[in-house]
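Read through the structures below before going on.
Here come two complexes built around chain A, the first alongside chain B, the second alongside chain C.
What follows is the complex of A and B.
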């Protein structure tokens, strides 16, 4: 492995890590406000990928322009899921039950997608998907750059919303203590519904970039959710910044392993890192054991 | 146990023993073998997850380990096809049980949802290993010896051996539930910190239950491989297996003895029937997921506990309390 190859792997890892960071931030937001682990996040990324696919193939809408349709669609789906299933779970064992409920939602999504689109692999196509720019001897794929730029912009928007708006204050208050938030006049039900909507809406952007950089089929959600869960747990559940840091860290590590060792073993990085970190620090890298006792 | 309960149970066992005698259609008897395999797996999973409240979604690891143990042992030791291969099943259970020790030590450091996710992560590590390690032969898979039994009764040995494993697993589940060990597990389920405060050594108790529940799963994993005649990574280490046995437990009733058996009986026979009736996998997934949602949202405690609660309240209404 040459130094150039190593640096190329690190650059690719950072660029793809941005998109994973966005998807994982959504997962972490949903967990933070609702104590719900959304196993369907992976299936929703795939669903969003298929929405972008249908828009671009059948209506000829550009992938990035299509987000104007897919983001509101996924936002609505997230709110519907919160209203339909999540708020109906009992308080006591809500987290464990939510894993089963959202798993069932993922299975239904997979079934619907395989009836509509079949099980053959597809990939999103656009002029910028296969092109790349050449900078200082490194090849940077255009779609990686565009995806990274979009992910950073959306995460900046998410942060601004969380830390600069009244709604964001309500969300953070519900993250810390839902009873107290309720008492000081935060409409917790509405805040949760919108937060879950936002947490799911980010899969629209994530799914588009994922679908343009990977071939996928209705079954691809499992692979994705296992990686996203590794990222979110490693970052400390409920910590949005932690999820972002862990995403970039793990993607860089797995790209380096792919170059240095073999692409076959690259996915192992996610799970091995997770098991290793948790056996030393059960709360994750940035977990707040004090705030959210396990 | 009253005489009525005892005779009901004896009649059920007699029905299962006699089933292949009046049902000779190989399609039906092979559905029966798969159903028994899943009843064992769900029942064994319940010994850990149902009693301790720790939701493990990685028992496919033990299923796969059992399957590969039997496949590799039969291959390397040149075990002749026939009854001899069944002798490898206890070995499959042993290997799965031993593998459960390090897995349990790592995973049981965490609790609740983190534990669930860690078991999922460990599952994916093993799936990756099965795809990529040289001795599993990757996606090529491993062939098992095919017995030369007559086609009309071919399924019967598989059926009876699996039934024997099932009865042993039920006995184990029953023994655990009534024992001091079982009470300690259920105390952990109700409130782990308080249980520890009361002197339950929670670590070893949880680990022992985890190991105990892995053994029957490993044994039926080996049975599954032998019955299919070949084993592949995606079949041995299947994420849907994890969720299927949990769903069976949930539908029937977590932490009860009959619940996972009923859930396994209903769901696996339904799934096998669907697979044979409709080639369309998508429709099956939708029905499966929808059923799952309905049960969790409407009957969160499972069919058996909900039905029992309904029956008690119905009895209470019919027989008003006599004032003393």
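What follows is the complex of A and C.
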């Protein structure tokens, strides 16, 4: 492996990591707020991809402009999910029960998408999907650059919302102690509903970039969920910055292994890194305890 | 309260499961019908292929019923979904044969599912005619009941490789790359082609095997683009794999002179939708059938398919023809043996008889592989998938070489 190939693999990993961070951020936020493991996150990414696809193909709306419609739509879906399913799960067994319930949600989403769109693969198309810029001898795909930029911007916005706003303080207060948050005037149910809505809304952006970089069908979410879970666990469940760091770290690692050694080992290294880091830092890179205390 | 919540969650999950397996037909049969069972991947990784197979089986059953069914018995299909899972396919064939007592069975989609399914069918002594389990793994178990109506996968690329090797020295590629999925249907296709091309002096500059479940092809495709081989022989299992390679090649400003993918480009309109219009032009794919086939029964099948599902001949998935061929071959065996005795059907299928199918002739060797059907290589030319190789064969069009620029 030449130095050029190594650098290319690192660049690919960083840019692809941004796309994965976009897809994983919502999963991390929802766990942080609700203690809910959203197995439906992969299906939601695909759903968001289909929403962008429908707007692009049927209404001719640009993929990025379409986010002005898909983000609010996914926000509403997230709030509906919180009200319809998540809120009704009892605090004590919420995490374990959420796996069952959100798996059911994933199956429902897959079934509905299959009925509406069929099972043939589609991919989002736009002029910037295939174009690239030439920088220092490397071709950098525009769609990945745009996706990475959007990931950084959205992660920063989420971070600012959680740690620099009154609403964010309410979110973190309800995370630490629901009763105490109630007593000091935080409307916990409303806070949680909006937080889940935001978590799902971020997925709209991840789904759009995923759909522009991968052919997908209603079933494609299952291939994603194990990787997304690995990212949020490594980053620290509930940590937005952790999701970004873990996504980039894992994708760089797997891409370098694929190029330097063999693509057969790349998935193994992806999860081996997870095990290794967790054995040293059980709460992940940016553990939840620290996150909630910030 | 805890139990009630658990119960509610289970009901939601069961209802969701029912929704995901929509379209599954009942196995119940009346006295006058003959029921044929099949497990298909109506959800999961192979859902696109599985649902195309379902259409093929249903089209065949409809056509055969118009002709009076099988030996005068109307045909009823008993199709259940395996969600693309090997464990589920075993359960399904035990159910179809052991519980539902279906008279005959058709195969599932993919070698991955055919191997375990054929073992179940063998235990019951059932003939197992299938159209998408052609990898060596399906024929290496010593079973005598497995029959694949399609081209053996190990020969899929040899027509293409021989053509590349036969090009005049001035036109012959100098270098080639061979990335392939480790899927049991895909990986065995590349070594015979690589051997032929290397013998013709075409240097291998890249060769790797990637896991079937990989979701990020960028590093592999980028590495190939950096080496700029003249030929790319891609062992792909589906549209997303080929699409990922194509988009990365375009982004990297790399256009191979010749590009063939083992699966994906045969998916008709779905392939073009994924790779983007114009990017499909010049791409080869090996297969046993295409929507524009002039065979009379194929023309009729395509006409009926379009009448029922819409689209164009080029948009008809080759899986439909593979499934339809399964029905045709089994029907000929039933009619020849005058009954539904699976032992007699197995013996007849092994008797060196040549059967007819929409894909072409079918003749089984002792392992159950089809020795009569020659691998055809197709190429996308001006938005249409046309037969291009063997060069000069009836109905073929001259191959486009070098491949046109992306998007043209």
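Basically, the second predicted complex is superposed on the first by the 275 of 294 C-alpha atoms of A that agree within 3 Å, B and C clash if a C-alpha of one lies under 4 Å from a C-alpha of the other, contacts with A are read in each partner's own complex, and residues count from 1 in each chain.
Following the convention adopted for this analysis, a residue touches a chain if its C-beta (ideal position, glycine included) is under 8 Å from a C-beta of that chain, and two chains touch if they have at least 3 such contacts.
Source: prediction; values computed, not measured.
Partners chain B and chain C, once the complexes are superposed on chain A, run into each other and clash.
Once chain A of one complex is fitted onto chain A of the other, the partner contacts of A:95 are limited to chain B, with no touch recorded for chain C. By the touch criterion defined above, A:38 reaches neither chain B nor chain C.
Once the two complexes are laid over each other on the shared chain, residue contacts for A:264 go to chain B and to chain C alike. Once the two complexes are overlaid on the shared chain, A:233 sits against chain B while remaining clear of chain C.
Once the two complexes are overlaid on the shared chain, A:224 sits against chain C while remaining clear of chain B. Touch criterion not met for A:195: it reaches neither chain B nor chain C. By the document's definition of touching, both partners, chain B and chain C, reach A:103.
In the superposed model, A:111 makes contact with both chain B and chain C. When the shared chain is aligned, chain B comes close enough to touch A:279, but chain C does not. Considering which of chain B and chain C touches more of chain A, the answer is C.
The superposed model puts chain B in the path of chain C at one of 9-17, 153-161 or 171-179, which is 9-17. Annotation: chain A residues 88, 90, 93, 97, 100-101, 103-105, 107-108, 110-112, 114-115, 119, 218, 222, 264, 267 touch chain B in one complex and chain C in the other.
Chain contact summary for the complex, chain A toward chain B: residues 37, 85, 88, 90, 93, 95-97, 99-101, 103-108, 110-115, 119, 218, 222, 226, 229-230, 233, 237, 264-265, 267-268, 270-272, 274-275, 278-279, 282, 294.
Considering their complex, residues 4-5, 8-9, 12-13, 16, 88-90, 93, 97, 100-101, 103-105, 107-108, 110-112, 114-115, 118-123, 125, 129-132, 139, 141-142, 213-220, 222-224, 227, 251, 254-256, 258-259, 262-264, 266-267 of chain A touch chain C.
Listed in rising order, the residues of chain C touching chain A in the complex are 1-2, 5-6, 9-10, 12-13, 15-17, 19-20, 22, 43-45, 47-48, 51, 182, 208-211, 213-216, 218-220, 222-223, 226, 238-240, 243-244, 247-248, 250-253, 267, 269-271, 273-276, 279, 406-407.
Interface of chain B with chain A (complex): residues 53, 55, 57, 106, 109-114, 116-118, 120-122, 124-125, 128, 131-132, 239, 243, 246-247, 250, 280-290, 292-293, 296-297, 300.
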